[in-house]
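Two complexes follow with subunit A in common, the first pairing it with subunit B and the second with subunit C.
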Partner chain A sequence: MTADIAITSRSVPAAAHLRLEGITKRFGSVVANEGVDLKVAAGTIHAVVGENGAGKTTLMRIVYGLERPDAGSVEVNGARVEMRSPQVAIAHGIGMVQQHVQLISGLTALENLVLGREPSRLGAFNAAAARRQAGELADRLHTRIDWYAPVERLSVGHRQRLEIMRLLYRDAGLLIFDEPTTVLTPGEVDDLFAVLRSLAADGRTILFISHKLREVLAIAERVTVMRRGRVVATVESRGTDAGQLARLMIGEAPEPVRATGEGATVARRPPRDEAALALEGCAVDGPGGRRLLDGIDLAVRAGEIVGVAGIEGNGQRELIDIVLGMRRPRPGRVTLGGRDVTHSGVRARRRLGISYIPEDRNVEGADLAGSISTTAICLRYDRPPLSRAGILSLGSVRAFTRGLIERFGIVAAGPDAPMRSLSGGNAQRLVVGREIDASSRCVLAAHPTRGVDVKGIAFIHEQLLRLRGEGTGILLISEELAELFRLADRIVVLYEGQIVGEFARDAVDIDHLSRLMTGVETGGAAA
Partner chain B sequence: MEVLHNTLVATALVSTPLLLAAMGGLINRQGGIVNIGLEANMLAGALAAVLVTWQTGNPFLGVLAAALAGTVIALPFSLVITRLGANEIIAGLGLNVLVAGLIGYLLPVALGVYGTFRPAGLQRLPRIDIPFVHDIPWIGPILSGKDPVTYLAWLLVPLIAAFLYRTTPGLRLRAAGSDLEAARAAGISAHRWRDLSTVLAGALAGIGGAQLSIGIVGLFGVGMIAGRGFIALAAFYFGAARPWPTAAAALLFGFFDAAQVRLQGQGIPVQLVQLLPYLVVVVTLTVVAITRARREGGVAVA
Partner chain C sequence: MSVHASAERVARPRVVGGHLERTLWTLVPFGAALLAGALVLLLSGRDPLVTYALLVEQAFGGHIAIGNTLAQTTPVLFTGLATALAFRAGVFNVGVEGSLYLGAFAAAWVGFTFVGAPGPLLLLGAFGTAGLAGAAWSFLPGLLRARWRVDEVVTTLMLNFVAINLTSYLVNGPFLAVGTANSMSPLVDPAARLGSLIPPSQVSIGFVLALGMALGFGVVFGFTALGYELRVSGTSPRFAAASGISIFRVIVVAMLISGLIAGIAGAVQVLGVNGRFIDRFSPGYGFTGIAAALLGRNTALGCVLAALFFGALSNGSAMMQLFTDIPLDLVNVLSGTVMIFAVLDVARLRPRRLREAG
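What follows is the complex of A and B.
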């Protein structure tokens, strides 16, 4: 569904500074960008919004020469340019502040500023000239920086400021900012916006990537919305509102929730009042004292599925970590079946009956270098019958693995076949099967169906519903609204580390939900 | 006192191979590669110096040849790491085994000797007295009367410091070494700077080998480097890849290398005495590791 809300060609006053046509980029079988057209008028602030994975960053990396497109063209000031490398982009006056700070530790702020175009006298680095230009740039941005400090000692806000100065030092006319506000405190965001406005007033063009719609509407004149690698619409920010952008960004509402969904066909006991998992007042601080998770109160009852909706990077990772025991909340309390496990490690919690379906099975779920049985036994290898006194019983290991393979219908050559030989769907089946087999009380499922085919998805959903029926409490973290609607009894919304809303299964308002997810509406918690 | 003075007199000379290899390793480290292959560069340099000096009668041409030999070995080593993504530790170990094996094979085949090659009338690097300094009692012989490569090595310490911290190529080299991706994003050909740092390391280590073969002992032996490439590694680790502290470490290890020779025949078994410099390296590195961990807030306990 491509809905052109406002026609852009009419409203572009100045010549296009940057023009992309038909940009397509694939990574293996994943399409990151497909036929993307984008026109950015000179001297404007233009935002590109979309969920994580919508293809925004890939597109910007193509513009800056860090990736080469499979098809399509890039035009700068009306002339076609082959962006072979960042050098080419820099030569055409393009600069980019990437999501992850691209400053070089070990070098001073001053050295970082001039790197690549150092003032020199007879090959010797002319530190005095560099310092003079640095001072002028700092004055222009109304900031002060300790130029002789190693960059790793600067605050995050200062590092970003330094990156902006670096672009100005090279006299970039088109500045790309990829999610610049995610690392900043609210005060620093205001400062950044003031800088961006003054840059645009100078006649520079700004491309601003974000998924925070309130910010985008505050700073940008024109907004392009991307979804699943395509441009869905380009709108004037004056002629739109956050609700409309949120709908464009998240897409059509999933099929209406049926009270008699698939879940109804599986025998199920009503949720019991006892909490399988409870978080009380949990907070996690990130580097630089930023709150990544704040005041989380969340209980999952036995026989209940609680869905966590939210755009990735809003505290999901930290939530997983404190539930599983990879990190301690500070402050906060975690209980599992009524027992305080706040200070227990992962192994102790697993013994108490929590299992984990990881978002990326290749990183956290499977031993890709080993055999299928290594991955299969990793929760039980240290107990009989698989081992006695530290000695593995290979016969039992094979038998156990074969058992999982048969019970969960995994297509595999046998327990000793390499893990790599399994297809993505079968690998996920093995991990899900192993975790379900070991679980009793609580399942933590993080994006359990990401990268899994339709058959695999159905299998995983069926297993989760079956467990719920047996009285297991399930915390389901997912970006797929359809998945949450289908499985969850309740849905909570996570935004910037806080729970900003909660919906009962049969009372979900999709518009309200997407506004909460994108920060257009802050909900009761943050108000 | 006599033994101490003798040891100090020998220290500067014996430190030179360590100093040169450590300076090379330091540049390479700053350029982003931990060079385990310094040993091979030194060995090749030692042989090249003996061969060319023997053929031409000019030890300075020998030193030049050693630098060239180190470079020739270092370039493919670097390319394998930067362009093909080989692991630098494995590549370095491989280089050491390869070069030692190749020389061990070629020596009998090409020169008809086993293990040691000592051509008759081999010119050595001359010893030069520094005017006035030479005449200072006690101190004079410690500082003066060394070969030109030793003086050059010490001159290189401030020059390398200036190169790394005061010139634009030095800045780019450090940038490429510190963060390859970020350096590329800043528009720098990071791989090329990494390769350059390896080549410089090869040349310097090669010259270090030459000083050992035609400056100190006057022959080539297949086992003559005897782990000095690794001691150099320890020296720039100790010095946190900064020129002056690294030079100080090279001097310290050189002192114990010199002491080891002087202490032989004093009643302690030779094999034990020969262990002394290596023992000092282990102790120093342990102390450095502990103090660094303390400073950074507690030793990690697994």
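What follows is the complex of A and C.
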């Protein structure tokens, strides 16, 4: 019986367990999914890969009834289903293990397992039956779990295992895993894969979301690649390799801007030898002893833009934190213009001339509850002319803000207007203007153009190139390869907290770069 | 240039709307609370207008009534400001009651220990010690929160009970007044007493101090670098941190100032009203202060209005019970409703802030 299914699914994609047709979902002006078709054969492990923001998670949320599509249909076992809510999905045998496991702390593992569908006898909770069923499930997954421990005492891997058992307890036939390995240690990943294989052998269908191609090739039989909300290809994992997947996922190489590009119009001095910013052997440990950043050696010279390529979540946040001073590397050393600032706080580093264009301006770059002035003065409010002896001069504050508004062409009603009255592009102009207004030795720019319109992007690129021309060292963290190619003199690749490769501006090999970004190839391979 | 002009046209009304809106929003919870209270009165078979008129008359009819209302307003205004300052900085300090007790005891101790010292020195010493005691009491929860992220709601709330019982022990044991009733300290030196503002009512010049504190609160948040740091850390902590503001320092400082104001509140009660420390003298001024801060939306003016509101309610209802058949319970229901509106207000603000962050 199982052999039959296996054979048919190998030849023709047989009975589709799940079939999506023309799924389209927009959030405002952002298209998360556009005309997505996906067919998942029963009893297989099917992976969906793509960069962050490619639309994988939105698609899965639609399948699980957490989002309603604007257009398109979902079929389960050949019958069309309106996925109005997760309850509907669960009723059709679909279960989802989210990235951050959804268990109720305070309850034991056993209570979490049966919650919502407790076995009962004569109307009372039948603990013995619950324990027996739990034991059977654990045996099936070859797992031992302390059923009477509160869930918060279980390891992350065990909590995830418990979540899987919850789905099996509810008899889910199609299990969706959203980036399940990001929170796991390598050993736990192997265990998880063993579990997934046994589930598939059991006749269950697995939908596996990831951006780690090595893992995907190791576990999945078929791989669907998404990019910018669309499906670009579905391939058999045997007939492909990571290089091909990486190319599909990242897309074609954009043309680097050469001497004729806009970069050339800005006066340019060659980078000087002095390092504006240097990181030496920096490491950051996360919870549970996972290394979030490891052995980072990176120098940004004055008058140079160094790009950091990599898929989000590979240590970018930690890199920002240790450069800015929000966190101390352990071990490691950070120098700014030759001065050791490893143990200096944010303010001291700001004083030494580090500017920060944050990835999310609404959270780190601006105070949305305040006025435009509130956001504008944050680096200078404590010094003359804006304040003397701790007393703010409101006149100077307004004049200073007005100065920024005029100099950077920000469309605003005035310094006292609420910050949230600014459009996204104008808000970003204000943040960028404020940061580069101070004479900066070094600029830390994290996804500086995310969510910014074309005009705003041009403005920001122009400013970064101008600063480089003036001798500022710039560390540019971006997921947009086009942006890195246009601006950076050098590109380093960050993967799982390590710098796994470095490319000179003129010698970028896009295939090689994408293989490094997706972890197909690791370490030691510098071009 | 034309772009600029059109932007002005579009955005300017919004700014005006902003100021007007903010002032209006400050009043909304009061009105809503009165409306809800009216409903409760109607349901209990009374004419809300008549009841309210009676309440207003008891609270504000004549200079003695006004004086007594202001006397009830004073401690709530202090504790409201103490709470609001911490809230503004993003610290949920619910331990103002504890600091109030410590401050009250400290002021009384100075007042009855250094009898005979010059009046101004005695007053200064009493207020200074009270402020320090209140600040010291809130230092530990501040430090715990800032350094180890220990939930300050739990620590400050629990320390309230420690403070109340600690001062109770002190005043029943080592500092029990000789020859008087139980649970009181000796009287403070008359030179340390605050003068009456509207004799023969209970209000002392402590009320003027409270108004001064409100003014200072407004000045700090409107015109100082410290106020900027507290405000920004409260509304956008990650923005503040990325700008170089030390959140650690902000939390500790906010807790210290909050405790200091609360300690002074205690001193004013002792030196202005009771003349001594009395065991469990506060009917929950610290907690009414939380309601006042919430109702007053953590602004100076809002706190003044809210404290007046609670002061009038408290004084008016006490009087009303003496002279009418309206039971005190009904007024408790009324102030309970007001509290609910104060809290509801927070619930309304929260999702909005989340939406902005997301």
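Note that the second predicted complex is superposed on the first by the 503 of 527 C-alpha atoms of A that agree within 3 Å, B and C clash if a C-alpha of one lies under 4 Å from a C-alpha of the other, contacts with A are read in each partner's own complex, and residues count from 1 in each chain.
Rule of thumb we're sticking to: a contact is a pair of C-beta atoms (placed from the backbone, for glycine too) under 8 Å apart; a residue touches a chain by one contact, two chains touch by 3 or more.
Since this is a predicted model, take the numbers as computed values, not measurements.
For the composite obtained by overlaying on subunit A, subunit B and subunit C cannot both be accommodated without a clash.
Counting the residues of subunit A touched by each of subunit B and subunit C gives the higher count for C.
Of the two partner chains placed by superposition, only subunit C is touched by A:Arg420; subunit B is not. In the superposition on chain A, A:Leu103 makes contact with subunit B only, while subunit C stays out of contact range. When the two complexes are overlaid on their common chain A, residue A:Val363 makes contact with subunit C while staying clear of subunit B.
By the touch criterion stated above, A:Ala276 is placed in contact with neither subunit B nor subunit C. When the two complexes are overlaid on their common chain A, residue A:Leu392 makes contact with subunit C while staying clear of subunit B. Of the two partner chains placed by the overlay, only subunit B lies in contact with A:Glu111; subunit C stays clear of it. In the overlay built on the shared chain, the residue A:Ala124 is in contact with subunit B alone; subunit C does not reach it. Stretch 98-106 is the one of subunit B that runs into subunit C, the other listed stretches 62-70, 98-106, 134-142 or 206-214 having no clashing C-alpha atoms. Contacts from subunit B toward subunit A in the complex involve residues 166-172, 174-175, 178-179, 181-188.
By the touch criterion stated above, subunit A contacts subunit B in their complex at residues 64, 66, 85-87, 90, 96, 98, 102-107, 111, 115-118, 120, 123-125, 127, 166.
For subunit A in complex with subunit C, the touching residues are 324, 326, 345-351, 356, 358, 362-370, 374-375, 377-379, 381-382, 387, 390-392, 394, 411-414, 416-418, 420-421. Taken together, the subunit C residues at the contact with subunit A in this complex read 3-4, 7-8, 10-12, 14-15, 18, 223-228, 231-232, 235-236, 238-246, 353, 356-357.
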